[in-house]
Structures are given as structure tokens and as C-alpha cells.
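Got some structures for you, see below.
Two complexes follow with chain A in common, the first pairing it with chain B and the second with chain C.
== the complex of A and B ==
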């Protein structure tokens, strides 16, 4: 049996940065898994992911359905026709508590289907959630950019690791 | 090199015996089913070796049926069609969080992966990740956990599921049942 779940690239910020981009992603895998543990200097902002083929898509082609728990209640919310995929809702990063977010990009290299993604995100002081996201494009994904939904930076020490998973 | 703790007997490939087990490179591809033109009524992984600790199934799916918007495939093990399954889920539909479940169910009443049917816009597929824990253990029942969902830009579901097969047999065959459409795909992986 072939071993897989292969690390493709890792970024650990050595200084504050507004975004992290993985580009020229090989189409040789079946799924991608992106594991993120960021903090931010101040406030609480959601992680925003954009994907594309050669260039990231900033059009209104993203949507999500969320299931969240806040410690006192469970709820479900939705974003439609958004210009990026919101990967957190209560599981956002803060200055002291990193968001622990895993994004599964399923069949990311398919040129037949839209891309569906499964996301789990956690912030122990704020909440936890599961999210399903859709990018309405049949283009193969070979670039991913992670940023925040406000003009602020990720803090130094934030980590972003991309894995490739290949079917038999 | 595996290191075995003299105190606990636990093996680890990290340099520090006694730490949490870490086996880099222990995730292996076992088998894949790609659904072709015309679709299929079920997907089966058989002759699964008992050499791993856990299994994971990852996949995307769409149904050929129409009228329900979103449907579930069901799961069964070793061709057991008896009322030996139980399951619970917590799901969100974009407006409410809902919990449900029950026991003593036959496989057709155990939904596992959720995906759109033909009434949802073309090209949209649902997806699921199924973790089948300690699948070869013959001393206990088998528990799985599932993260699954489908979004259609204005409708959809996200679900967390836990399901039980009340049988101590090692799992050697897994069957997913639904009217799977072309381009549905499920891949089985083993975790050492």
C-alpha cells in the first residue's frame, strides 16, 4: 500500500503578515488538507480563504453552511455568494488563543465538479464549529490564499501546513 | 526506529518514549471506487486487511435520484443487514442546529454521508470523511465518527455523526449504499 498524507509546504511566520499563499500546488493528489494555527495582534477576526487556478478568485463564488457551539448554545448559519470562504465563525483566532483550523479540500484538482470543502475550527475561549463550503468553479485549484476578514495581520509564529492525500 | 517504553510498553516513533503515539508516514491508500457513467447502487470495499489500527474513508458524492434535494448514503459492515446499528448526529441547515438519532436500526436507517440529488444544480457534490476506529478489534463493538456535508449556495447541511455497529467481528467489508451518480468517488485509507 502506498503511503500518503504527504506534507507539501509549511509556512511559519517570522514576522506579521496579512496573508499566506500556497501557489503552484501540484494536481497529483486527490484531496488537500490545510492545517492552520494562527494568532492575530488584537481583536477577533474570521479566517478567509480564497482559491483559484493560477490566480485567486475574488468573485462572489463562495458559500458556506456552519454548525457552531459557543459553550452555551448551538446554532447554524450560512453565507452565500461571498467573495471568499469564511473558515471560522466562533473558532476565530485572537491574540492569545490560536484558531485551530483544518480545511479539507476534496477532489481539488477535478475539472468536472465544483469544489466542496469540510472545515473544523476551534477557539477554546470562544467556540467550535464544523463548516461545509462550496467554491462554484470547475477549475482545478492550484493556489490558496488565507487571510483575515479585516485589514489586519497574522502574528509571527502563526503556522500554515498543506498536506496532499492520494487515493489508491 | 520504534522506541518502546519500559514503563508502559507503548511503542513510539517520536524520540521520546511515553509521548503520544506518533507514526509519521503511517497513512496508506488501500482502495478507491470511482463511479462511472450511469451511476451505481452501492460501493463496496472488501477483503480489507486487518493490519491497520484505524480506517478512514474520504469521498465526494451526488445522487441520481431527484426530489429530496439532499440525501444520505447508508453504511453496513460484513454484509450485516440486521438491526445492529445505532447512530446520533448533530447537524446544521443554515438556520437551526438539530440533534437526532436512535438505536437498533437496520443499515437503511443509518445515514452516513450527505450529498445532493439531481434536483440540486449540476456540478455540486457533497463530501464526507468517515473514521472507523479500531476496526479489527474482536473484543468490542465498532464506533465511527463522520464529518459530512454539502453546500449549494443557499441550501445545504453540515453534520457531525457518531455511529455504532454492535458486533465484535473485525470489519473486512464496508458497503455504502445510495444511487451514486457519475463522478462520485470514495477512497479507503489505513492508519497504522
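== the complex of A and C ==
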């Protein structure tokens, strides 16, 4: 029986790191799912994802639309022509509580379509949100880098797991 | 070949309904847990919440929810791990159940535990709720059980509601 939800790679940081990269991702799956539970030493910064083919794309080819709840208000915001995919807005990581971000990358190996992503980010002390993201490229995704939108590190113990999903 | 998205346990509510159910002795061998719920409350003509208690802990839970009801969006905070606005018992909606997906990463870790919850309910009526939820259990204990309780003990969880617990193993 085929496995349909297969761990491709997993990283648990044993020391602080500025980014985590999954490279040489097989194109054999239908979709990808990325589960991230980060903490950071101090402050509050958004998760930033960049994807690409062989090298990550740092061009202004990313856009997101968010629907967020803060615990007292609901709102919707957008970022367009950004140089990375902002995966959090209120569901960002902090030093005390692990947040959880799940990212579903649909049809990631397509060479004919732009790539759409569904993102859920959660921080029970700050807010929750659903985000739709777009990478404006027809290249197949085989590399993903996760970082923060500031020059700071993820803390030791942060986890990053990439799964492959087969449609059959 | 090991399965990486494995069913741990499943429960379907029988005749008469229940006020609570629990998954006990959850194996500590997975990386993450996923709880799938299809349920409705016996509360007449109203919506009702479900409470999740890790290790049957009655404290240490917080939740922020974003909800839409078909005409407006709002957000609130509660002091428990909560699935809000579960479908209630409406005579004209006998076959309508709400659905919830609960993701719990790193449930055996020594950190506090985050929950990501998506809940939907559609009933082809005037008001229906979709909820996105961030919850936190402020405990460093590993989760060994999950208890799900109706948010109001006057209103059971109805027959045919179902609860399925899965384990995800991230070993490559």
C-alpha cells in the first residue's frame, strides 16, 4: 500500500539558526505539507518562506492575502510584490510559547502554473489566521527556505517537518 | 512499511448521546496528533461549544478564535481549549453535523502545546459558522489523553457524532 503522507525531511534545531532549508525536494508527490513549530529568543517576528528551483527566489514574486483574528477583532490584509512569502501576521513565533504554522503547497511540481499555498498560523497569545499565498513562477518547487523577517534566529528546539502527499 | 499517518483510535456516539469522551493512553511514539471530529450538540436551535482537555486538565488552556457567520467576521478569546459554534439540534437540520480538524504538533515535548483548529458548519440556513482557532495548553507535560466535553452539560453530544484520533510520525 502506498504511503500518502510521507515525511520527506524533518529538522529539530539543536542550536539557534537563522533559517532552515529543504533542498533537492523530490517532484514525485502531488502536494507538500510543511509543519513548523518555532520559537525565537526575543521579540516577535513574522515567518518568511522563499521557494525556488535549485535556488530560492528572492525576487518580488510573492503575494499573500490574510484573514486574521486577534482575540478581539477580525481583519484582512494583503502584501503584494513581496520578496518572500509572509506566513504569519498575528500567528507569529515568540520566545515563550511555540506557535504552529502549517503550509500546504498544492501542485508544487507543476511547470505550467503559478504556485498557490494555503497557510494557517496560530499564536494563542496573539492571534490566528488563514493565509493564501502565491508564488508567481511556473518553475517546479524543489527548494524551500524558512526564515524570519528580521536578522534574528530561531531558537533551539524549533521544529520543521516537510511531508509529501500523493493523490494515489 | 511504517505508516506515517496512522489511526490511533476512533469513537462514534451511540443512542442517547454523551456528555464527554476521552482518548486515553495515547501512544507517545508519534510526532504530532490529528483529531478529526464530526459532531452536533443536542442544544435546541442554538450552537454549542466543545471543550478539549489534555490530560483532563481543567486549567491552563487559552484560545483565540476568528469566526465568520455569513454576514460578519469577529474574534474572541477564551480561557480554555475550545471548538466554538458546533452545530446544534435544529429540527429542520437533522442531518447536519459540524466538522473540526485539530492539529497538535509535538505533543510529547516539554514545551507548552499549541493547537491549530479549523471548524466548519454549513446548514443552508440563515446563520452558520466557520471558525479558525489558535489554542495553547500551558503545560510542559506530554499529552497522554484528550478529553472532549460538551461546553454545556445540559446538552449532550448527539448520536452519530464521531471522533477519530490519528498519529503522524515525522521520522524520515
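List of remarks:
Here, the second predicted complex is superposed on the first by the 166 of 168 C-alpha atoms of A that agree within 3 Å, B and C clash if a C-alpha of one lies under 4 Å from a C-alpha of the other, contacts with A are read in each partner's own complex, and residues count from 1 in each chain.
Following the convention adopted for this analysis, contacts are C-beta pairs under 8 Å (C-beta built on N, C-alpha and C of every residue); 3 or more make two chains touch, one makes a residue touch a chain.
What you are looking at is a predicted structure, and each value in this text was computed from that prediction instead of being measured.
Overlay on chain A: chain B and chain C clash in the combined arrangement.
By the touch criterion defined above, A:80 lies against chain B but remains apart from chain C after alignment on the C-alpha atoms of chain A.
Applying the stated contact rule after C-alpha superposition, one finds that A:157 touches chain C and leaves chain B untouched.
Once the two complexes are laid over each other on the shared chain, residue contacts for A:130 go to chain B and to chain C alike. Once the two complexes are laid over each other on the shared chain, residue contacts for A:67 go to chain B and to chain C alike.
In the superposition on chain A, A:5 makes contact with both chain B and chain C.
Legend: residue contacts after superposition of the two complexes on their common chain; A:98 is shown touching chain C, with no touch to chain B. In the superposition on chain A, the residues of chain A touched by chain B in one structure and by chain C in the other are 1, 3-5, 67-69, 74, 120, 130.
Interface residues of chain C, counted against chain A in their complex, comprise 1, 3-5, 31-32, 62-68, 73-77, 103, 105-106, 109, 111-116, 118, 132-136, 138, 168-172. Residue ranges on chain B touching chain A, taken from their complex, read 25-32, 58-60, 90-97, 123-129, 147-154, 156-160, 183, 185, 187-190. Those residues of chain A that touch chain B in the shared complex are 1-5, 30-31, 63-69, 74-78, 80-81, 104, 106-107, 110, 112-114, 116-118, 120, 130-134, 136, 138, 165-168. Within the complex formed with chain C, the residues of chain A that make contact are 1, 3-10, 35, 37, 39, 67-74, 91, 96-100, 102, 120-130, 157, 159, 161, 163.
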